[in-house]
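Each of the next two complexes has chain A plus one other chain: chain B in the first, chain C in the second.
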Partner chain A sequence: MSGGRKKNILKVIILGDSGVGKTSLMQRYVNGKYSQQYKATIGADFLTKEVTLDDSSSHVNNSNSNNNSNNNFNNDNSRTQHNNNTSNGSKTATLQVWDTAGQERFQSLGVAFYRGADCCVLVYDVTNLKSFENIKVWRDEFLLHANVSSPETFPFVILGNKIDVDEAKKVVSARQAQDLAKGLGDIPLFFTSAKSSINVDIAFEEIARSALQQNQLEDDMFEDDFNDAINIQLDNGPSSCQC
Partner chain B sequence: MGLKKSSSSRDINQKTSSPSLFSSLMKSWSHSGHSPTRSNSKAYSSSTTDNNNLGYASDTSSNDGTANQLTRKNSSRSGSNSFTNVNDIYRMTKPIMPTNHHHSNNHSSSSSILLNNNNTNTGNINSSTIKKSHHKFSDSNEDWSAVVDDYNMPPSMDFFTDYLSKNSNTNMMLGPSPVLSKKNSGHNNNNNNYTSGSSSSSNNSNNKNSGTITYPKLTEHNYHLELENERELQELNSKLTRINKFDQILSSSSIISLAELKKLSWNGIPMGHRPLVWKLLIGYLPANKKRHEILIQRKRKEYKTGIYHIFSPQHTRDQPTWHQIEIDIPRTNPHIKLYQFPSVQKSLQKILYFWAIRHPASGYVQGINDLVTPFFQIFLTSYLPEHQKAKVCDIDPETYLTEENFAEVEADSFWCLSKFLDTIIDNYIHGQPGIMKQVSNLESLCKRIDGQLYKHLKKENVEFVQFAFRWMNCLLMREVPIDIVIRMWDTYLSETSSDDNDGGVDSAGARKGSGSSNMKMMMNNNNTLSDGTVTPNGVAQNANDLINIPTHANESVNNNNNTNNNSGSNKRKTSLSEFHVFVCAAFLETWSNSLLDMDFQGIITFLQNVPTANWGEKDIEILLSEAYMWQTLYKDATSHWL
Partner chain C sequence: MSSGVLLYCKSKVYIHPTNRTSENVPGFLIVYKKLSTDPDSNSIITWCREDAFQTSPSSRSNNKKNILSQLLEADLEFAAKYQPTSTSTKNSYPTIRIDTSQLLLCSDWQIFISSVYSIQFRVPSSWWFGSIVINSKAKNIDDNIPVLFFHDDVCPSTKRIQKKMMMENFDPFNKDQDLYWGGDDFKQFLTTICDLQSVNNASSDDASSDILSSKNNARGNNIYLVNPTLEDLRNFKSNIQNLDKKPASPTSKNKSTGVYDSLNKQKWTILGKIADYTAKLTTPSYVPNLLSSYSPVLEKFLNDKYVNNLLKSSPQLQQASDDFESARVYLAKWALNVKQEAEKYRNVYENLSNDMDNMVTDEEIHVALERSHPLTLAKWESMFDEQGRLNVTVHETKDFIFHGGCENNEVRRQVWLFLLGVYPWDSSKDEREQLLKSLESIYFSSYKNLWFGDQVPSDMTKEHWKDEVFKIDKDVKRNDRHLNIYKHNTETGKLVNSDDQEMDSEVDDSNWVIINPHLNTLKSILMSYNVYNPDLGYCQGMTDLLSPIYYILQDEVLSFWAFVNFMDRMERNFLTDQSGIKEQMLTLAELTQLMLPDLMKHLTECDSSNLFFCFRMILVWFKRDFQDEQIWKIWEIFWTDYYSSQFQLFFMLAILQKNSLPVINNLKSFDDILKYFNDLKDLDWEDLMVRAELLFIKFQKIVAFVDGQNSLISDAPANPNTTGTGTGAEANIPIEDKLTKLSLHDPKKEFIISDRLRTLLSKRIIIQREKKSF
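Up next, the complex of A and B:
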């Protein structure tokens, strides 16, 4: 690892209906805490976290072993191609997470926050069927506004939040969720609880990994082409890595 | 009030100084429950005589931290040396000294009683008198009589002890209650309510020749406290004056002069007057006092009927709206106790749902839950006794409100919220065009005001919408504490209230001097340009609104018509959206230096958590004054605004 290597900045967007726990998840992940006292997000909140990613585990299956959602993450055949410039062990990056407002009225804001994203997290509340049904809506909304280069391969992650509640309150079954995730293109799915800190770190690890992958993919596509006006640092091209 | 000031910077001082005085006074009352200055009593008692001269200096520095430091630096010196210092300090501080000019002698004496209160624990201090210190000053070949007149001289210590022995319950005379003074229309009478001014002066003269002056040792710490003391006295005086001015306006005749009221309210409204004044400024209550009772009963009944209707079985609940409000209510001001009480949550839910149902063009939008809280909270205070008003956030209203009272607070909050939102409804309709325009206006304003910051933000790829969206959507309520928001709204409501048919021109002219005519032109221009389109500036209300003809369910679509109507008139009208952009610009500018050192991540993180937790009213008042100044300076710029 040469000292000259710059940090990756990975931009992540969290979407989902109002009240599903987007802010709580992000706070749990970034600050390791949970509170009942978050105000409703207006526009979007911004948080960052430094992450260290083990490159060799770009295939996330191993780190995912204790994930009770039991999903496949085999869709990373494209990832191995990009390991050449990160082959020297772990890699640090900064996650810039935009936690958006859930109310529909704020969707006109989308473009200001979605652009340049490396990964999109879709959150629903396992006690709220409507929020689950809206996962697809949110995904389409994102693809519509984010202007991503290849919508088919753009990484999403689905989080079913609030699994700490009584079984009786859950209205979205794991089965339904898995079907949906599969139907949308084998999107990684995690059942989380920001309150009880279940699966949050694991989920965000996957999110970071997907984002890094996407970031490098974009990087290769636009290599030496032009400087992106968005806040992605395109500094991992071959020229900048002489180690 | 006070001296005529011409330059804009002085104007700012004038604006920023006095209002804050009142509320911090109120705060100190509420915190101590006794004397606002009692905790400082020791410091004062040990230092009064030693530093007569410095005491004057501290007077002049009442509004300025720098001067304060200067005087403190000098406080270690003693005797004649310090005279020159004092003179220097006096010269230095004079230009920034804001509101002392209108202190009458009566006020001085009421302040002496306060001092008195501070010296509860001291009996053995040698005294000096006003006269004596006056002589001291004349030694220095300066005309200090003006100083004595202008700045309240501490009275003799003997008087304090005398007085205290006669009046054991000193708290009584502090009576924070503006209600006390309400009975008097002339504001020079007010000291009778609080103190006995005549006894104070006679005591002073009795003590004129008493004792020799000794100089107790003064620590820097104590000296600092003394300065605080002096400042608090002045603030108190200024607040009393303001309270009386409000009393005068509100009680002088059957028709309340809204222009006067606006002018005065711009600088802050005393807590006791706020519920009524807000209702007047926003146009919920008419200027004609005789109609108040009838109208308010009618509006409250209308609200009650409406509520009954939408919660009757005939009404199909709008589930998505209801659900959205339901999940937002517990998230409304979650750190304030008041908003956790079930009774309050129930009321807010009703108000917001009713509003949403009546305004289908926008419906409920997150952030409106924030905007209702200042009204609710302020209207609650009218049901609290004077000494508890400041604690409104800690007391469950169920303990002091009847069901009927609750309905009244709800109704008043609802109607005022409606009035308020009418002026900014473009912020909440589909696509939120009002906010988008404001954000882009903020951007162009920033470019003009602070090109360096603007360039830096651009360089770091910061988009204004990324941080300013919330500023517009919640009117900065998320960025500053609630008591600061409330103070801010005093100005907002008086800056933009609808009194066009009662002399809006007068009020603009009176407060703004020569600038107003230009601004009027500008606004006309603006309205003409926007003729026929929906504009964020289209906040004019129909003349009817002032006398408060009951509003109807189509309020939300009136905007366009009002704009058209207004374009033909000659009245100046500042829209809330417009002024708010200037306030946001001032807010952004406040952090300019810090932001210039930050990268994208730092900037966004900072602007999402702006460090305002310790802001006092002075901070927001500086901001408002700056905003006002820029609004005047950049008026031409705004005529090009969308």
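Up next, the complex of A and C:
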């Protein structure tokens, strides 16, 4: 799990208060379906999805906005530009999306699942002020336990979910959310609806991209560490290496 | 030598200390009297193990052997005096002088007749030995008198009487279809030395309309008061008005003979028809055919271990097969029916035996596999006397539930209230009605009324309460919505017309309001529980635990109290510091290390030795991993605490064991393993339950062995001569081999069973409370 880095697996953790729609977002993104009857998540679970990404580190937005239903990001580009997995071309990877329990009581176990994450998704419910206020708490919680190498640059994405509901029921304004995202270090922010499939794919594209960047960054550090004969001990000891 | 008179003696009366037949202990049921100058001196009932007369090679052995042969003779002598038809005439029993000090030495327990309150006679059935339960007046002595089982199939005196009865008055259509059994002559003997007053006769007197049930009482569970006072009788026979007119004797049974007679006439015509049919079957030309075609099979199956086990557990069948050749035909047919079962079982036996490293016996596997007799409503009701008081032991009841579960929700509705401690096991119907009234008023006055109608319970802040209600509301809305009662959000909970359908489909934003009455009740119960246990508060997973209880009971008050009691043991799963659930994970890890070392080695290599992948299953007792019907069975079995109050860990261990090979061969990482166990589908709960039982037995054996071994090691320097001759060690040698094979056992080193593992042997529920957080 934790220290061992597997190439081409991008680990993404979804956090947020109970009932904000973490499971629904994951199901919508990976399986393209929605049900209002997902039970409260207990423990943790994950789903995986193959993605094809532009491997450049720039945040160039491609033609995906009108191609939401497509499972593969940059599908067109990857075909026309590069067919191999070179460092400058498109890259296939497996996105591993982790869904966790929202209730704080389970977090002391949840932290076991944070390690080795490449990106963390913070979700709130636009009709629930408290879940919005807790976004910062979730971020700090994650940084505290995930043991990431450089907390300042670790990628987060914020999702304001359930934007399909009546305006009257929304209690968190777009402005408030933008201010928060900015305040936390220019974190990308998306307004989504798992139920109506609004912005889910776009958001996850950004998530996958951030994760890939982070993964390569860590990979480089891993190589550096590995080449340094003195410092071959990783955070979890030798048994954690699964290569 | 202090001398006395032997008044009665019966051989082959067993106690069953465990549910393994191999551990049944044979002995003598004895009644004797000390010779003394006091004419009122009291008769004593006692029970002595057979082997108590045989073991020690001391100088007393001669005396003991003498007593043994004396008892064996007496057994037959008393049998000769038994009069099948007599119920009241005083037989003259022989009196045999005996050395009472020897009897005292050899007996497990003794009780004066005057201290006996009642004796329950339970006739044998095809699955049970006949047995008696002696209840003493002093409540606390009860534990010392185990249930006595009459093994009629091996008792020489009983067999002699049965043969005699068969010869003298054989009547296949006798209204008393039941065979004579060992308890009958004990009962008859008792009438000669004390006043035995049947408790159940009352019902056959005044409830003649309900012949079946009174017959059931008279046949199945006869309780007799011993030398009862009038008050005793009144307590038991609340329905008898003219008790004083009746002499307190066991002959008051004739009132309803008219009804019995007419019933008998009908029975005769029906039985006559059956007899005609049977006669056709048994004409000479027919029988040899049947016999010749069945006898090879018969011979084969009579040698089959499984069939033999069934035969042994059915004394009547055994008896029939001994006495009537024709019965063998039926037996053969019956054996054919079980042929497939037997073969299936043989494979199962082999697999299970291998999986348990051959550390469990066939007998133990047999007991664990015997799950085909769920508790039926009729059986459950027959376990209660007229006052609605359980008249079998709690242990026996739990044994029944542990090995079969409940047959349907009707019986489940009643059983769960006892299993979950809402009703005490020893309560009467009246007491339960009283209890229900107070439970109802406490529920409303102390809990529900404190929040009902938008109130905030007095000791909570508004914000905190709003938070809790919000969490509860969210989880109730997404709880088990596939079940019929929770499915539709309509005022009736049902879909009546298309308007309802529309309403129902509109409930899709997170702010919809619950109007389904059952979902609302779930919410009410959880809110009331929040007031009941404010320190713990609401925690995800609680809805999963409440939902099946309410589904079965469908009563708010009863479900609340059942849930409260269930939460007593489950609270440790939900503590803020997670200490309770972590403790269980650690226990499970140690248990897995001990029982499935290969798997544990692999899990450690995959960074999964913390067993996080078991978290969900343990937290909500497998609620998310099985179908609803299966969960009901699994939970009611766990609730019995039959072997251990933490049997869920053995069930988890069984899941691990069953999946060991695929895990070891295919899965290489924490993620893979978590995913594999999260997605397990269509688990065979019955097979897992059998394995869980066998794993427990194996675990128990390992602990017993390790303890025995350690005590030998620590004794060794002081008593070098005793090594290897200890009583426990010899029997355990095969286990030693197996332990060595498991590389657990190093003869030079002490292997310690941790305290954590030892808690698994306890049936006492572990209760851990949330500490007040504010």
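Definition applied: the second predicted complex is superposed on the first by the 185 of 243 C-alpha atoms of A that agree within 3 Å, B and C clash if a C-alpha of one lies under 4 Å from a C-alpha of the other, contacts with A are read in each partner's own complex, and residues count from 1 in each chain.
The definition used in the following text is that contacts are C-beta pairs under 8 Å (C-beta built on N, C-alpha and C of every residue); 3 or more make two chains touch, one makes a residue touch a chain.
The structure presented is a predicted model; accordingly, all values stated were derived computationally and were not measured.
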Contacts of A:Thr94 with chain B and chain C, given as first, second, both or neither: first
Partner chain in contact with A:Ile42 - chain B first, chain C second, else both or neither: both
Touched partner set for A:Lys162, first chain B, second chain C, both or neither: second
First, second, both or neither for A:Ser18, with chain B first and chain C second: both
Contact breadth on chain A, by residue count: chain C or chain B: C
Which of chain B and chain C A:Tyr29 touches, first, second, both or neither: neither
First, second, both or neither for A:Phe154, with chain B first and chain C second: neither
Chain A residues contacted in one complex by chain B, in the other by chain C: 18-19, 36-46, 96, 101, 103, 105-106, 108-109, 112-113
Chain B - residues contacting chain A, complex: 324, 327-328, 330-335, 363, 365-367, 369-370, 428, 430-432, 436, 461, 463, 465-466, 469-470, 473-474, 478, 600-601, 604-605, 608
Complex contacts: residues of chain A adjacent to chain B: 9, 18-19, 36-48, 94, 96, 101, 103, 105-106, 108-109, 112-113, 229-231
In the complex, chain C residues that touch chain A: 467, 471, 474-475, 478-479, 481-482, 507-511, 539-541, 543-544, 574, 576-578, 581, 604-608, 610, 612, 615-616, 619-620, 624, 668-671, 674-675, 678
Chain C partner contacts - residues on chain A that touch it in the complex: 1-2, 4, 6, 18-19, 36-46, 96, 101-103, 105-106, 108-109, 112-113, 125, 127-128, 130, 162, 164-166, 169, 195, 236, 239-240, 242
